[in-house]
Amino acid sequence: MRSRFVRLIFGIAAIFTLSPRPSVGQIEATTAYEPMYTTDGHPDLQGVWQVLNTAVWDLEDHGASLGVPAGYGVVEGGAIPYQPWALERKEENFENRAALDPENKCYLPGVPRITYMPHPFRIIQQADKVSIAYEYLRAVRYIYMNGNPHPPGPIEWWMGDSRARWEGHSLVVDVVHFNDQTWFDRTGNFHSSALHVVERYTLTGPDHMLYEATIEDPEVFTRPWKISMPLYRRQETNSELLEYQCHAYLLEQEWDNPDSSFFQQN
Amino acid sequence: MFLQPWLREIRNMKKQTLELLGIFGLLLVAVPVAAHHSFAAEFDINQPIELRGKLTSVEFVNPHGWLYIDVENEDGTVTNWAIEAGGANQLLRRGLRETDFPPGLEVIVNGFLARSGEPVANGREVRTVDGRNFFLGTE
Amino acid sequence: MCQLNCRVGAVALTVMIWVLVLGPRAAVGQAFWEDAEKLPMAPTWLVEKAKLPPYSPPMTPEGVPDLQGVWGGPGGDGLSYLEDHDFVDVTTPAQETFVSDPPDGKVPYTPWALARRNEILAGLGRGWAGESPERLYSSPAAYCLSFMPRFAFSELEIVQQSGFVIMLGEEGYRVIPTDGRSPISEDVKFWYGNSRGRWEGDSLVVEVSSLNGLGWLDSTGIYFTENTRMTERWRLVDPDTIDYEITIEDDTVYTSPWKMNFARRRPGTGPDTRRTRMPSAVALDAPSLDDPYAEEIWEDACYEGNREGPAALRAFGYDWFRGVTPPE
């Protein structure tokens, strides 16, 4: 009887120590929420969504500085698992971020960064594809679900090639064919053209979605790693994607600047 | 007597065109991507040029891709020319990839010289040395 | 004896193959045109449209016309040069005017505004007759900027949802509310403006306000201003054809509202306007007939790939177009 009691204590202790606990800033995936369905019989993810965090500044825990808010990281496990050479390169990126961050040239931000830019986006579902229309740069991703596999590579695109399938209530998006030009955030977290991202979009309530992205890049990281964050449905009755044509404003600003470094060919 | 097989070819071409219209209709009625006409500002259609050289690299981007070729000058020096070519998507959709164009391949370019005086030209026609269209790939 | 005939025939055959088989898919980035018959646009469409029998479009479950699907642009040389013109050079073939009203096919600029338009035309630096030695502006589209109404003239897919009409294209998208909500304040200006749609009989009517006046209607400097309002009408006239009409209204630069009009066809339908194109560096023989990716839109990333373009134009002395401000 005593050993049974001991086993019970150990069992309870095991449950407490071994079950995954969400870090602050993340929420749990739950299949308890039964979403509305489209006429195609899939969860209806449609509407205007936006993140409410500081991931765009820094995917890891970070403090505040002038113009930069503090925030908890969105990386599961805490740190991005760089290879040693890549960690040095990340630090160089950080030191030179004003010159090197592709966002400062208004280039397409890549995936997953486009998701957590501080602008809303709209999800549109059809039989052959899911389209995500972003206010930022008026970018649009066509995520095909028409049975076509990724076209054969090598192909290098800023936003990669996206193909999706449904897994239970989750839209699972597989993205490959990236170039090496984008960063994950404003501190210089970067990748190579071997990047492979798997996103998951899962409704957790009528106005909340869980967004997860697994990042795999054997040339830069020691193992795959994952970020997750809530998406919030914009509540305003007149919610609308307006416009942010960053590159147009930048060209106009730099055009008359004789000291501009923007027009130097690299 | 010569014309009959020729006319038959044309009829067959028309049939094939109609088939192509069906499959490629998506592309047929479209205005080309970025028909932006900075071409005329950057290149001079009154200054045609022919260049022959060895490929050093290709860049598949939109709105127009680039080939870079080493051209030997009369005095024996070599100048690397930038040739503006078709946009990436048309090449990618035909199954071509940057890796299909290895450095060292010899090409002949007919095009128009850039107004800037730089070694840049717009590639009107790009052929391999044996006369095949460069963008059909090296097969 | 065959030698001359055969060679002429072979050359003719080659040209015919180029002309018939190759098409817009071959010529991206820069199309080269030959001096051939005028490409059709508004006048031809008006005649064709007048002969069409009445047509009742299919309806969506919400009881509005079903305009869904992929629709082409105007074809031909598109928005290269908006008014009627003969062959200019290999970049600019002969094409009819887009303008369906006024009947003379010309944009009804006021005298002051026409002088500004002519200044821009003379400053394009394209080697055209009548140009001044000064370079003024290049078309905003040359910098890979996307804006209205140019985006609405491109090939796009219409998707209809309750309360919205969505237009998906290669260079962007529009989400047009049809639920009666008000537009944003007119003082707010956008490249795409702010669109509001409604159904009037068989037509989708879209009012576009809040335009910033920084885009051009074509590549030769037919400009509008931040006072301009545009009204589109989209109407199915047969199962495969949308009649697209846009009214441009701005009494600060035009003497009256005026219209452009052309037919939009589903892919694979309508007349073939490729005929006068010559091949470019991406000339090809017949590609595979069963491309499973034919209906997919692949990444454009024009601005990202055009890096040297703005630098070159700036080095030539072109100024950045900041709009035309009419006098009070």
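The chains carry the letters A, B and C, assigned in the order they are written, with residues numbered from 1 in each.
Here is the rule we go by: contacts are C-beta pairs under 8 Å (C-beta built on N, C-alpha and C of every residue); 3 or more make two chains touch, one makes a residue touch a chain.
Everything numeric here is computed off the predicted structure, so don't read it as measured data.
Just to note, of B-C and A-C, the chains joined by more C-beta pairs in contact are B-C.
Think of the whole protein's Cα atoms as having one middle point; the chain whose own Cα middle lies nearest to it is C. Chain centre most remote from that of chain B: A (centre = mean of CA atoms). Centre-to-centre spacing of chain A and chain C amounts to 35 Å, using the average Cα coordinate of each chain. Rounded to whole angstrom, the centroid-to-centroid distance between chain B and chain C, based on C-alpha atoms, equals 25 Å.
The multi-chain contact residues of chain C, meaning those touching 2 or more other chains, are 143-144, 293, 295, 298-299, 301, 304, 315. Residues of chain A in contact with at least two other chains: 151.
Counting partner chains per residue, chain B has residues 92, 95 touching two or more of them. Across the complex, chain B meets chain C through its residues 2-3, 6, 9-10, 13-14, 16-17, 19-42, 44-46, 61-65, 84-95, 111, 114-116, 122-126, 133-136.
Those residues of chain C lying in contact with chain A across their complex are 143-146, 159, 161, 166, 168, 172-173, 175, 177, 181, 184, 190-192, 214, 292-293, 295-299, 301, 303-304, 307-308, 310-311, 314-315, 319-320, 322. Looking at the complex, you find that chain B touches chain A at residues 60, 92, 95, 97-99. Put simply, chain A touches chain B in their complex at residues 151-156. Contact residues on chain C toward chain B in their complex (touch as defined above): 2, 5-6, 9, 12-13, 16-17, 20-21, 23-32, 70, 72-75, 77-80, 89-92, 124-127, 135, 138-139, 141-144, 153-155, 170-171, 219, 265-270, 272-274, 279-291, 293-295, 298-302, 304-306, 309, 312-313, 315-316, 318.
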